[in-house]
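Shared chain: chain A. Partners: chain B in the first complex, chain C in the second.
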Partner chain A sequence: MKFRCERDTLAEAIGTAQRAVSARSGALPVLSGIQVTASDDHIELVGCDLDLTIRVQVPAQVDTDGQAVVPAKLFDGLTTRLKAGTVTFEVEGDDARISSGSAKAGVRLLPADEFPRVGEPSGSAVTVDAAPFAEALRQVIPGASRDDARPILTGVLLTATADGVRLVATDSYRLAVRDLAGVGMLSEGQRVLVGARGLNEVQRVFSSGKIDVTFGEREVRFASETRTVTARLIEGEFPNYEQLIPSGYPNRLTVSRATLEEAVRLMQIVGEGREGTPVRLAMSADGLELSANAQERADATEAIDAKFEGTDVTVAFNPQFLLDGLLSVEGDEVVLETLDPLKPATLKGTDHPEFLYLLMPVRIS
Partner chain B sequence: MRDAPSVLHLDLDAFFASVEQLADPALRGRPVVVGGLGNRGVVAAASYEARRFGIHSAMPMARARRACPDAVFVSPRFDAYSDASKQVMAVLRDVTPLVEPISLDEAFLDVAGAARSLGTGPEIGEVLRKRIHAETGLTASVGAATTKLLAKLASDLAKPDGMLVVEPGTELDFLHPLPVTRLWGVGPATRKRLDRFGVVSVGDLAKLPEATLVRELGASAGAHLHALAWNRDDRGVEPDRVTKSIGHEETFARDRTDLAGLERDALRMADAVASRLRGASKTARTVQIKIRYGDFRTITRSRTLATPTDLAIEIGETARDLLRALDLGEGIRLLGVSVQQLEEGVGVQGRLAFDDGSLATTFEASDDRRALEDAVDTVRERFGTDAVGTAAFLDRGRLLPGRRASLWGPDDPDSSDHDADRTSHDKEAR
Partner chain C sequence: MPPEPHPCYNALVRVIVARCSVTYEGRLGARLPEATRLLVLKADGSIAIHSDSRAYKPLNWMSPPCVISERDNLLVAENPKGETLRVELLEVFEDHSYDLGDDPGLEKDGDEAELQQLIAARVQTLRDDFTLIRREYPTDIGPVDLLCRDGEGRAVVVEIKRVGEIAGVEQLIRYQERLDLDTRLAPTRGMFVATRIKPQARVFAASRGIDCVEVALDDLRDHDTPHLKLF
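This part shows the complex of A and B:
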């Protein structure tokens, strides 16, 4: 096997495929590699950790067809540090020789025949615009759990709505719900749960153009002409989240998103290294006062202009959870609605009813 | 190194049994055995009269019964022991605030500062022994030395009702002839390893190169034992050490493999632990479960939570997840749930309550859950632990409350009631 490829093209492709490469220790050793297949006028790079597969195709001058599995970290590190220009990749025995200009490197290959063949969904694809889908994913993914102990919560629920699709994620502390109109990727009544980690790659890889979406029994594939992300579906029943969203709120705070974000970041510094230090939001007709107090360490307060309707109330939140919400909502102005210090609050962008971020407060003793 | 024997270790003699004998004059002078009275009960304490028959703590109760059928067997009464312990600790704190309680019946004292006004370590030790006997009727043994290690070893050797002083300069003469098993941390497994090097006494151990110990026992255990063998023990007496964990564990009457039932037990124990956390106004970051197999192999598994909690639901679900991930093998005889990384004055992150079959099912949201748990605490405070509980913990129509009976085995030897098959114990580790 031998091919030549532009360094920048190759490095970018490796970087993308590598994002699916298992970081888990104890995984099948071959999964720490990137599978490279050379044929015709291109090469295909595949990274895979059994839950997630990323394929990237880039143009190359192929002298000899073939397939090899290259340790991902080495492949990435060497390629990005080679001289710019044409990189030559050639398999000799058990090694890959990678060279550019006068720089040459050898890498021991992983056993190519052990690289898994991951199932691909069959069935017809639906074509959707990538940009709005990616944006919707960006909004809900932070709400998903990263705790593998509860696999269902590590997924994003995609559910069919009358005019499109709804995306839902929750880690049981907060809940993100995004309605995406005009994107008919699901059939009526269809609900699927896809790992948030895989969808995060979808959101990174496909930021523009069109993507073909194919749902199978066990996988979903998102594909453009040169890139494919395949994620395994998560089995199980997503929690019944609808009942958690209050129908109305007595207290409504309207505030500049950027100002609130800056203030929360300040409060977050106070609690750094001291888990559980909340940011308190005291809301009244005078506006909003934020405070944080990490006992015997640091404290901070900041008053910011805000419009408040309702009864004076102080609610405390995990600053990171609040920030995640502020970074997800759209628009310059946000609305924070509260019931009382212990009930879930919601955050929305003014004039952006399509996205809702619900978060549980922190109870302070 | 101190230049005077100013570290005292005070240990009450046959504490539980002595309390029983004081409470009931009919028991005085008779062999008294305190512990779980069921088939799988374990001896918690034996009076000196009973010890003459070879009965000692941690012995299976069935064997104790065979050894001395005429002994008086009683089940433990923690409230009485706790009261007696408080009286004793108050006497100790009268002498110095530097009192480090190790358990109900032992404590370390640092009397270096008290020496000028109250006398030397040995003098203070005698005063304490006399006062404790005069004020509580209990006898105590005291070890006085320059390190905690030696003070503890000395009080063991002074028993019963005695005092032993290890004079400065004679430490190694005292320590090296002792059997190596006297050292903290030398259990059966370590002993087996040391056997291969012909180590019998502490002196033998001291002669082994540290590198050998490290290779055999690992870096930390090896270095630690080597230091102890040379009486290098710089641990100070630490008064009011903060509670590091709160836990609850139960020994079952028979080895169990019923995962569903064990999960229910874990949830119930979590409920008890959470209740005590809230009682102490603390939150916890880490949840641990402990199981002991039928062959006494004991393992623990823990998980650290994303945010601190004092909620039964959070502790219970984590304990349940940990339990599900374990192989119950031939069956387990003990299950425990505990929390660690305790903190005070931090907030508790609320949880959204899904209708997903979790513990939260019956509650609208975790703040309601919290309100409910607070209410449960109040009811329990007024009417006792088994006055109220979660329906999931109902067993044969009876509430299984969180705290009952003892660690040392089921109480009622003849009972076939499943309810009596379990014994439980609250733990607070420091």
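This part shows the complex of A and C:
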């Protein structure tokens, strides 16, 4: 196998495919590599960890067709440090020779025949606009759990709605719900749970244009002309999240999103490195006062302008969870609705009812 | 002459329920007459004969190192001191061997370090007006568990024990004496904290003007996880 490719193009493709390369060593060493296939006028790079597969196709001048698996970290490191210009990649026996200008490197290849063939869904594809879907994913993914002990919570639930699709994620401390109208990627009544890690790559890889979405029994594939992300579906019953959303709130705080974000970041510094230091939000007709107190370390308070309707209340939150919500909500102004210091609160954009972020408080003495 | 028993090497724990009689010969002679009993032969080489009483205490036993041999209906355990335990198995009801594997060891619940950590995170549990100055506050006779300040600005020396006894109160008094030499802290108050404080310790503490506070471990743990969940 021999091909030539522009360094920047190749490096960007490696960087994308590498995001699916297994971080876990052990079971299948070949998964630490990127599969490179050269044919016609392009090369295809594949990274895979059995749960997630990313394929990237880039143009190349192919002298000899072939396939090889290159250790991903080495491939990435060498390529990005080569001089700009054309990179030549050639397989000689068990080695790959990578060169650009006067720089040359040799890399031991991984056994190509051990690279797994990951199943691809075979159903018909639905074409959707990438940008709004990616934006919706960006909003809900922070709500998903990263704890593999409860796999169901590591996924994003996609459910068909009357006019589109609803995306839901929760880690049991917060819940993010986004309605996306006009995106008919699911059939009526269909519910699927897709790993948040895979969907995070979808929103990174496909930020514009159109994508074809194909659901299979075990996988879902998101594909553009040159890129494909295939993620395994998660089996199991997603929590009945609808019952968690309160029907109404007596307290309503309206505040500038940017101002609140800055104030929460300030409070977060006070408790940095001390897990569990909450940010307290004291809400009254006078506005909003934030405070944080990490005993033995630091404390801080900040009063900010806000409109409050209801009974004076102080509610404490995990500052990171609150920030995640503020960064997910759209619009300049947000509404924080609360029941009492121990019940879930809701964060929404004033003019964006399509997204809801439900957040449990932290108990304070 | 009866046949000599042959050694039995068992890397497993063997549990036998049998009608048996037992004879011990060594420092004294002892005999357990015929009855149904539980025999435990551990892989460490020990043997214990239990009846349905005395909780964990066996009727008779032989600790390792000893050699246990078996022949027909006779188990013989001998130790280097020449003591012998003979178990005659008259009727065997159960005889099973198990590999218990490595034991992770006993994990003690609520040791002093955990108590100290939990209380330090919420010193208001002790008194509403407390703030923590420092955990493990150093003195030249060892670190004080907690040094707090009360609402009046006085330094409070807190000694934490799992079970509060007089020795713990004495330890607290020694710490107070050292810290009272520091003009920034003197005069200190003392507080003795435990999950259970013995009456004598309570009386002694009161005689020295030391407050006693009993804390509930479960309550502290509940407080230690303030992060509420949706489900």
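Observations on the structure shown:
Everything below uses one rule, namely that the second predicted complex is superposed on the first by the 364 of 365 C-alpha atoms of A that agree within 3 Å, B and C clash if a C-alpha of one lies under 4 Å from a C-alpha of the other, contacts with A are read in each partner's own complex, and residues count from 1 in each chain.
Quick note on the criterion: a residue touches a chain if its C-beta (ideal position, glycine included) is under 8 Å from a C-beta of that chain, and two chains touch if they have at least 3 such contacts.
In this text the structure is predicted, and so the values were computed from the model without any measurement.
When both complexes are overlaid on chain A, chain B and chain C end up clashing with each other.
In the superposition on chain A, contact of A:D113 is made with neither chain B nor chain C. In the superposition on chain A, A:D147 makes contact with chain B only, while chain C stays out of contact range.
Contacts of A:E188 after superposition on the shared chain: neither chain B nor chain C is touched.
Of the two partner chains placed by superposition, A:D40 touches none, neither chain B nor chain C. Among chain B and chain C, the chain that touches a larger number of residues in chain A is B. When the two structures are aligned on the shared chain, A:N318 is found in touch with chain B and with chain C.
Look at A:L244: by the touch rule set out above, it reaches both chain B and chain C. By the document's definition of touching, of the two partners only chain B reaches A:T277; chain C does not. For chain B, the stretch among 22-30, 130-138, 346-354 or 382-390 that collides with chain C in the superposed model is 346-354. Shared contact residues of chain A, touching chain B in one structure and chain C in the other: 170, 172-175, 239, 244, 276, 278, 295, 318, 342, 344, 358, 360-365.
Contacts from chain A toward chain B in the complex involve residues 147, 149-150, 170, 172-175, 237, 239-241, 243-244, 274-278, 295, 316, 318, 321, 342-344, 358, 360-365. Only residues 121-124, 131-135, 223, 226-231 of chain C touch chain A when the two sit together in their complex.
Partner chain C is touched in their complex by these residues of chain A: 170, 172-175, 239, 244, 276, 278, 295-296, 318, 342, 344, 358, 360-365.
Interface of chain B with chain A (complex): residues 281, 283, 285, 303, 306-308, 318, 321, 343, 345-356, 365-367, 370.
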